[in-house]
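What follows is chain A paired twice: with chain B in the first complex and chain C in the second.
What follows is the complex of A and B.
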């Protein structure tokens, strides 16, 4: 295992940024956010960022193609560019797991080349959580905040940051930084992991019921009368979908730049009424149906197609941000039989 | 860079047939005059006019037509209204094929077929009907029940009367909703007409039309003794990607664009009724 003293971390960040693009969570007035590294930035130690890390691979808005239109003629312009190599430094275990959830959508045949390109050019340094919060429930989905995956796993313990490579990309990154890193044993890390797990064990949402959300219960959950009460206060703002690291529904739209047409995709939300609106009618008339769709997708539909992998990683962002304090934890408890 | 499914190709509309007051059929080829791609009956394609939008349409022409692709499109929204304003020679963009299509080479083979369509619902069925006509020896007796609001609303009436009606082994049963002086055929709604006609229950039925027609035709066929696993339909939902990623057409653990749009009614029974 490699390590560096936290007082030397700025040098390490600077060395990575000299090599390739670096993104990391930094503290802002509104809380932690990912940003492109600038000299002097220091890594936020907040439990997690306001926005998830999905932007790195599936940005909120991205150009897909351009068109030149002249009379009856159309020319299609491929605007795709090869992404530069980049490092995400300090993603938490939940966000790292969310990449796997997204991979199964975007890398499934036919592959999404926009997403794949970014995934291939990224190196993810995942940082174990030291201070999980009340809204955290990654462990309900079998995620260990003390043992994050990613190309490199990192831990903070006893004034040092420790690194363990998990992939070839991780090895490459660490060997490029070897002049700054020292060889260490893992004793301090083991202690830090135990501390994290002890904190996690004391948090209120650690054991949400997941065993009920089996494919064979699809119709039973769909028809559950509890959806009415659960969805009653939902105002359909879509905040949950925007802060969610695994929500990947998108829209494709055209914009007339005055000098041609730009076709772009942007995040969309199943919480919105026009998401499924067609010219004549639409299949989800009320907020109940839209609300149900979001949670059924994460808890039943997605796992049914992905060997039981849930479409939620327990990051807790929707718990913290929902204006009416409704959330997936409450839905799971209600549907999972918790009276 | 490798091929991106969401980036379309150019198509050129070479012919526009005015079928009804609100349905036109567009013939599309590639810039070098070929059929855009190979498909199976019931599959769809994304057509777009950049700056207006992109939408999914069922491919009306049969795969046995190797020269061009046809789309019968009803004017009802942004993209379709624009398409109704274009003239031959207009470029569009096209990508596909999308969806599963009808099991013409498996479950339908050797079967007596019953096609029931209402209005523009004939568009996806025309592809299968003409496929079955082309490989006539692979399918049994064919019955086609087709209804629309008026005689003028029957899509491509010419082909129906001049070709389908004149072929051995094919019975065409047309109906319109209300009496018209120039119409001497059946008058009444499709579901009732199907009940009056009383079909043999060994047939495989394929339904496409407005939801209300589907609902009552399905009930009527079941009363006659048809089982749900003998009856197929093709669904419609709003779609953006066509490849199971944008999330819009998600229905239970299925995506209409990828796992559908063709479903058997016994399969639909196990899915939420949000379609």
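What follows is the complex of A and C.
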């Protein structure tokens, strides 16, 4: 296993940044956020950023195409360009798992070339969690915060950061940095993992009921009378969907530039009244139906189509950010029979 | 107080005076309460809470509740009654369907401030006099309530209920708050500094619309930003100017109607100090048209829908910018 003393971490970060674009979570006055590395930035140790890491692959807004209109002629302009190589340094296990959830949507046929392009150009260095929050419940979905996936797994233990490559991309990154890294045994890491798992075992939401959300229970959950009570205070904002690492819906809109069209996509939210609005009508008229859609998608529809993989990774962002403190943990408890 | 409020809720439901009670339902960790419609005394006994984290202003729900059959009881803190009174003035609520119970408030607490103190992994919180005893998986912490008071409560404008059907506890006073201090600081900046300040704040906006959707002054059936026919509908900040555009337009739509309830800042997931925008307008109204606080006096005419010969000339605004 490779490692570096934490006091030398700044050198490692600048070495990566000298090679390719580097993004990392840093502490701000309003909590941790990802940002492009600038000399002097230090890695945030907070468990989780306000916004998730999905922004790197599926940004909130992006241009898709442009159209130039001249008389009766319409020219289509391909605005896609190759993304530069970049490293995400310090993503947590939950966010890394969210990439798998998104991959199954965006990389399935028809492949989303915008997303694929960014995925291919990225190297993810995933950092194990050492101080989870009460809102964290990744373990409910079988995610091990002590063993994050990604191209490289990293741990902090005894004043050092340790690295283990998991993919070819990870190997390449670590060998490019080998001058700064030392060879060390993994004893400290094993201890750190144990500590993390002990903490995980004390988290209040570590073991939410998941066994009920089977495809054969779809209609039972869909028709559950509890949705009324659960959804009644929802104000229909998009907060839960926008901070969620796995929420993947977008809208495509055309902007009239006067002599052409700029086609862009932007995040959409199933919580919005105009979600999937079509010329004739839309499928969900009430907030109850919209609210139900969000949770049914994550807990029932998505797993039914993806070999049981849940569409929630337990990052806890929707717990921390919902204006009315209604969230997937409460929904799981209510539908799972507990409470 | 929770006990008194629960008893009142139960009495109202038992006597048949009301059919539903709007209050706060306990969550998983003491601080994460959800606004809730209680339908039975048993439900009230089981899950109704009122404590330092019962911050959500319930008055906007009355728009929807007023359209239903039967009567709903609602518990309103002093600042919530400002929203209630303003909504009534705007004819958004069916008054006869509402039984409003004023309840006292000693200031609400902001969980984000606890997080900023580095308190993580909260298991339970106990309120003890002026202190919070916080038990976390990383150890016990004691925090002075005054250090985690929500901004709107640290600068509370009034402990007086402007409107209610009945009141629990003692009535308070309109306070001489320091809520405009920060506005003055902003006014003293150069325009470049001020622009940089707002650029930094608003560039974090993710256009989740929580501020708009929670706002008791934003009760349009269809917001212009959701209306594809308006030509300015937008779901995302396409540029940093667009975020500012959204916030400036929203601020203009609630000017003279914003009660400074502080909900917009409370709910913003990005910690943007939205109250500063609205307070600037309130301060300017005070300066240009005489002291006025929306929601404070149900019978008073609002300065922007009134005319008096004392009103400032529109041209004076331009002169101010010189």
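Criterion: the second predicted complex is superposed on the first by the 334 of 339 C-alpha atoms of A that agree within 3 Å, B and C clash if a C-alpha of one lies under 4 Å from a C-alpha of the other, contacts with A are read in each partner's own complex, and residues count from 1 in each chain.
The rule is simple: a residue touches a chain if its C-beta (ideal position, glycine included) is under 8 Å from a C-beta of that chain, and two chains touch if they have at least 3 such contacts.
Just so it is clear, the model here is predicted, and its values are computed rather than measured.
Of the two partner chains placed by superposition, A:13 touches none, neither chain B nor chain C. Of the two partner chains, chain C is the only one touched by A:47; chain B is not. In the superposition on chain A, A:154 makes contact with neither chain B nor chain C.
In the superposition on chain A, A:143 makes contact with neither chain B nor chain C. Looking at the shared chain after the overlay, A:251 reaches both chain B and chain C.
Contacts of A:4 after superposition on the shared chain: neither chain B nor chain C is touched. Legend: residue contacts after superposition of the two complexes on their common chain; A:96 is shown touching neither chain B nor chain C. Looking at the shared chain after the overlay, A:268 reaches both chain B and chain C. Judged by the touch definition given at the top, the superposed model places A:222 against chain B, while chain C stays out of reach.
Counting contacts as defined above, chain A residues 251, 253, 268, 277 meet chain B in one complex and chain C in the other. On the chain B side of its complex with chain A, the touching residues are 1-10, 48, 50-54, 76-77, 80, 86-87, 89-93, 211, 236-238, 240-241, 243-248, 250, 252-253, 270, 272, 274-275.
Within the complex formed with chain A, the residues of chain C that make contact are 27-29, 32-37, 56, 61, 112, 115-116, 120-123, 136-138, 204, 206-210, 212-214, 226, 228, 234-238, 266-267, 269-271. Those residues of chain A lying in contact with chain C across their complex are 29-31, 33, 47, 50-51, 60-61, 131-134, 199, 202-205, 229, 232-233, 235-239, 242-243, 251, 253, 255, 264, 266-269, 272-274, 277, 319, 321, 323-326, 329-330. The touching residues of chain A, when paired with chain B in their complex, are 64-65, 67, 69, 72-76, 78, 80, 82, 105-106, 108, 110-114, 117, 215, 218-219, 222, 248-254, 256, 261, 263, 265, 268, 270, 275-284, 289, 293, 296-297, 300-301, 304-305.
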